[in-house]
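Quick one: this structure, given as structure tokens, is what I'll be asking you about.
In this document, chain identifiers A, B, C, D and E correspond to the written order of the chains, with residue numbering beginning at 1 in each.
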Amino acid sequence: MRAEVLLEGRGVTKRFGGLTAVSQVDFELHRGEILGLIGPNGAGKTTLLDCLTGVEPANEGTITFAGQSLIGLKPHQVVKRGIARTFQVVQPFPTLTVRDNVAMGALFGSTRAHKDVRRAQTVADEKLAFVGLTNKADQPAAQLTLGERKRLELAKSLATEPELLLLDEVNAGLNPAEIKTAIDLMRKIRDEGVTLLVIEHVMKVIMDLSDRVIVLHHGEKIAQGSPDDVTNDEGVVRAYLGEKYAKLLALDR
Amino acid sequence: MMNRVARNTLGFTLAPIFVAAILMTAFTVQAADVIKFGAALPLTGPLATEGKKQQNGFEIWREIANSRGGINVGGKKMKVEMVYYDYESKSPTATKLAERLITKDKVDILIGPFGSGATKAVAAIAERYKIPMIAPTASSEAVYDQGYKHLFGLLAPNGFLPSGFFDTVTKLNPKPTSMAFVTRNDFFPKAITNMMRKASKKYGFTDVYYAEFPKDSKDMSTWLTVVKSKNPDILMVGGYVGDLILATKQAKELGVNPKIIFMMAGPVYQQYADALGDTSNNIMSAAWWSETFNYKGRVIGTAANFADIWMKKHNQVADYVGAASAASGVVAHLAIEKAGSIEASKVIAAISSLKTDTFFGPVEFNKGGQNIGSKIAIFQIQQRQRKTIYPLDISDGKLVYPRP
Amino acid sequence: MSRGETRGGYTTVSANDVLLSVTGLEGGYDQVQILWGVDLEVSAGEMVAIIGSNGAGKTTFLKTISGVVPSRAGTIVFDGIALEGATAKEIVERGISHVPEGRRLFGPMNIEENLLMGGYARGLKDHELAADLERVYGIFPILKERRKQLAGSMSGGEQQMCAIARGLMARPRLLLIDELSLGLAPRLVEQLCANLVEINREGVAILVVEQDVLTALDLAERGYVFESGRIAMSGTSDELIANQEVKRTYLGI
Amino acid sequence: MIYLQILVNSVLLGGMYAAIAVGFSLVWGVMNILNILHGTFLMLGGYITFWLFHLYGVDPFLSLPLSAVAMFFLGYFIQLGIINQVIRASFFMTLVLTFGLELIGVKMALFFWTGDYRSVQTEYAGYSFQVGGVVIPLVRLALFGLGLLLTGGLFWFMAVTRTGRAIRAVRIDLEAAQLMGVNPAKIYATTYGISAGLAGAAGALVSAGFAISPVTDVEFLAKSFVICVVGGLGNITGALAGGLVLGLVENFGALYFGPGLQNALGYAVLLLVLFIRPSGLLGRAGYH
Amino acid sequence: MFPIWTKNQWLALWLGIAVLVAIPQFTDNDGTRMWMDILMYMILAMSWNFIGGLTGYPSFATAAFFGLGAYTTAILMNHGAPFLVAMPLGGVVGATVALLLGILILRLRGHYFAIATYGAAEGLRELAENLEITGAADGINLPQIEGTVDYFTQYFYYSMLAVAVLTVLTVYWVTRHRLGYGLVAIRENEDAAGMLGVVATKYKIVAFMLSAIFPAMAGGVYAYRAAFVEPIDVFDVLFSIEAIVMALLGGVGTIVGPLLGAFFLELINDFLWSHFLEFHTAFLGLIMVLVVIFTPRGVMALVQEVRKKGGLRALGGILLANTQRFKV
């Protein structure tokens, strides 16, 4: 009783010079689910998102979204198809206010493009309320703390009214309380009908949140399945979680 | 908060506009007993030296005129007042300042800027405002063929040069037969070089090379190398003094050695010989005036007289730029006395029909407003000094030919 | 300077002298204050760790110590001398070397040039630094092999070695290391830790900022936990690792 | 033969262009300043040489080091006292600043020395010798040699000396360099001083090969600009490459299309290089 | 970002325009002409602001467009076109060249873009120096305007004012429209803007064209007024530099900044011109140096800071703090 496949990649490969950053990766994403994407540093997670969004076009493979190919599209075209993305290193428009930052998303990214600036700002205010940044709306984005910037990034993406949201380590560097808020937020987003693909380092988030998990290592997919399956996979433990994780698990028991 | 700041800033912008607008409405008073002359001069920028010479020239005339109580206007002596602005050697600024001289300073007569190009630009303004304008240093016919009624130029037309030059060189033995022409891509140099080129055909010369080099050229080696390979008897270079110093230097370095090198205009200036030393020897050029000319007029006296005053004041050999500038004042001086009025239309009529002698030579304007009374002298630098070769009646030297 | 003896070229002092003492330190950038009253001590010859999430102010703290970022309030006393307001140059000359986050090697220069830059503050001619070069090559033999290679072309681990070696060239008594393990394979991190222990044994006090809490607390004797520009906790490594809050927050269990 | 002569002319010119541009390139590369004052230093160096020659008969080759040293100190203190104050402001602010200083400098020079063209006319000024029918003018050859010497010397300085290394370090990573104990204010002043000194040295010989006047500074500035971009911003050997390319393009362009388009061709090459290889012929991509 | 204007601000704008319309009635022809110059530089500075201030692509091409407009007007009028046809066509030519040039060079960023625009402007000048149609280095005359001094002074003044008002309204429209947001997004972070769906190439070209059309029209007015154009004058790179300096001094990327910068600099310039015959350039240089050192972020930023910190009493402190702000 699987939901429809929203995003599908087959044999996606990206090379930089001699280095193969993403190698023959197959994946699919079902409408309404949260898919976790994990793997050690340099495993190719962010590069895979780059391939999806047209930042770094894939060398090989096919990517289809809602039945249409994404290959060859520029980032701004991908956005208009309904795919929004946050960046690992947040990229706000530094001197603009938080509200204007989000309004940019509504003005340009949305499939229903709000051509009117005032309406875009209304949308921006809604999204800021959604992520809990209303009180910062008039501050320049450069003055936000890291956690706030991450939420701003999220609000900006949401303002494009996406069907699919790609989150690149939105929780990195957040404290436990903030992470908890973030998880709730992501659930809320999903409940509004947005499909999520989440790159995450904090295992707790992946375990709590994802319906399914894909593990990348050296650009290759080495495992996929439910969070529990994956964390118990021996290959994954060896490649990614490492001895220390095992040690910790032991320590906890 | 942004709104308030923006609003206040807007107010901040508008307030001075109001104040300035109100201040602007007032004044400009004109004293009745002075005649105002206005000149926009290139006191800074590439033409700064020329501009300064122009100013010095005007001042010599003004001091002389005022020391005699001023100009006699229908029995009333009126002092001369000069208003100067610096146009930074940029023609648009010259036109802007000319407008200001006319409307704000309310000058009666405009003295032209330096050179044919800027004069052409400013003449359009004088014509529009119907103010008499005397151009000391514009000799190109193209400045005067616009049908302007208010423009008068002191220098003899470029067209006077070829006859003198070719009269001189065709009598030489062995007779030169081929010429190469190179000019700076600029109004005056191009005009005079092309005029000479056209005339050379009439005199039976073969034209072996013609080229233009850009303004601000820092290297003349290519065309010099080509000229060398064509081996002309005469090389003519049109340009300004900086170009000509460089061209002379590089010609020597590259061993470009035609029998005659003729350059317009620059060797007439002291700085040319100073910069080049002996390398300047045997270069030919022409000038609209020289202190050796036996000219004499009512206001300043003889040409030599002017040169003396100049030397005393500025410790420098006078050249045609300063002389023509002083002469512009003299022409206006004589015309106003003749008209007995400073009314523009009367002054124009007086200048148009003026026929007189001055320290700068005879003055008589043709229909376009060019001084056809004047002559062009051809000279050669010998032992770093200018020696006049032509016209023969005022010559003080013999042409060294061919160049050693 | 006045105290201690010279051993192996490095000045050493007995272990319980306070070398660096920071009280009530406040600081930050242009409009954003990041540090809100930090108290911290490092004794001579000690190895201390700072842990905390991204954006907690760890890097800003180190930069404030080394004089790249000006302090706004509080005192920094190093070896009995107040350092607030001193320039970066004076601070290096006093004996604090800072190995910055992300290595910040001079990429287009070769290794040896990078190391010589490390000794710049001492105002010596190149040949006078030869003995120091040999000493750091002794600790990191791979650097000697590659000394003519451009720093930018080396692997992450080698770059980190070079960065630490460069820091040592100034003959510091306190070495500040920011994000030792960032982006490095575990094997390399172990190697680097061993190097640090060796350097520490020679009498150089080390203050290391590290995101990998296990590595940090494994290495250091004591640790401080930064949160939002303040010190949330401090104690010996064993105390910290046993702390439930630390476990939950930073180890994800 | 004519081609060979023009080739030689071009190469000699190119070397001189390098001498003019190398200091400009250094300041642009290290400090990201488009230094409008560069031409002014060149002109001042020329005037020092001129006056020493004119008043005391000092040969330009002898006064060259003096011009260089004088300009070094002038540049050093201008950077330390004025430009350092706003060096971290936007690129355009330093541009406006040096532009303002240039206006002042040129006016002062006009005031003291008038706008007359001056040139140092030594005994050997017009001397040239022939090699297989190709004329090689001595002063041009010296200018060419100076170009090689200055670019080579600067290259050596940057590669080998402690200060050169510090300059490079500051250029690569200012903050990391500060952590090494480099005082950027002094390094910037030194860099600017070196650039001014190089301009002073070039100016000394330019006064022998050309005519200088206070207003000729912009002409050399415009050339420096094109040369630097063509060779690669902030790249020392790039100045030499850029100078040679510009020399060749100008001269052979003048031969084929007429000298009138000499300067236009320079700009055409500039644009062409920007389209094809924005980092310049020898530039490293991505450097700002 | 840019607040929607309040009623008062609109009032102020129309009042300002009304004052400018009335100026020829209150001042003599020389005063009118000074205002015409101020308006011209306002046009140049505001136009530069589209590409340089809002979009963050520093252009030196203002002079190129100014010259193109001047020459187009001159050539068309010599072929019998009336001024009011020729001048807007000059704007069209400017915009068209901006379009073509933009396609070629707007993929360059930062300095490289600046250099390319400089090269293009100087290249155009050199071209105009050598082409038949532009009269080469001799320049070309335009037909003389007929009428009294008052008439033609006002004719030129109102032509310039019309272009200036058009520019201001365009600035207003752009900054309150999606387009302006897109341009600012490109300035702030072009990659991130692209990810949000801003079609950077298209927006940059539009900004470049906007930065071309008004200077080209101003060039047309200028040419008719001067009645004579030559390459070295109308393609003078100083037009670009002055536009940049004015925008910088006023405050880059703001709306009122370039207006203020043009107003003050031209006023100062005019004052120096009248009072210091030979040293006005040196004084101008000195003023530029002092302004850069004491207000390195422009007059607008200073004004805002003075307001925030409690009026003119804080000015000294702010100026002093400014000198420290960008120190190494």
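One rule holds in what follows: contacts are C-beta pairs under 8 Å (C-beta built on N, C-alpha and C of every residue); 3 or more make two chains touch, one makes a residue touch a chain.
These numbers come from a predicted model, not from an experiment.
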Neighbouring chains shared between chain A and chain C, ordered by label: none
Third chains touching both chain E and chain B: D
Farthest chain relative to chain A (centres taken as mean CA coordinates): B
Chain pair, B-D or C-D, that carries the greater number of C-beta contacts: B-D
Chain whose Cα centroid lies at the greatest distance from that of chain E: C
Centre-to-centre distance between chain B and chain A (centres being mean Cα positions), rounded to whole Å: 74
Mean-CA-position distance for chain E and chain C (Å): 52
Centroid spacing, where centroids are CA-atom means, of chain D and chain E in whole angstrom: 31
In chain E, residues with contacts to at least two other chains: 126, 129-130, 278, 281
Shared-contact residues (touching 2 or more other chains) in chain D: 106-107, 110, 222, 260-261, 263-264
Chain-to-chain touches, reported pairwise for every pair that qualifies: A-C, A-E, B-D, B-E, C-D, D-E
Touch list for chain A against partner chain C, complex: 41-42, 142-143, 145-147, 172-176, 202-204, 242-244, 248-249, 252
Residues of chain B defined as touching chain E within the complex: 2-3, 5-14, 16-18, 20-22, 24-25, 28, 43-44, 84-86, 88, 90-92, 95-97, 99-100, 103-104, 117, 120-121, 124-125, 127-129, 142, 146, 185-187, 190-191, 214-215
Of all residues in chain C, those that touch chain A in their complex: 31-32, 53-56, 183, 186, 214, 227-228, 247-249, 251-253
Of chain B, residues touching chain D in the complex: 44-52, 89, 182, 185, 211-214, 216-223, 225-226, 229, 241-242, 245-246, 249-250, 252-255, 271-272, 274-279
Partner chain B, residues of chain E touching it in the complex: 3, 5-6, 8-9, 12-13, 15-16, 19-20, 22-23, 26-31, 33-34, 37, 126, 129-130, 136-139, 141, 144-145, 149, 152-153, 222, 226-228, 230, 232-234, 236, 238, 255-256, 259-260, 263, 267, 273-274, 277-278, 280-281, 300, 303-304, 307
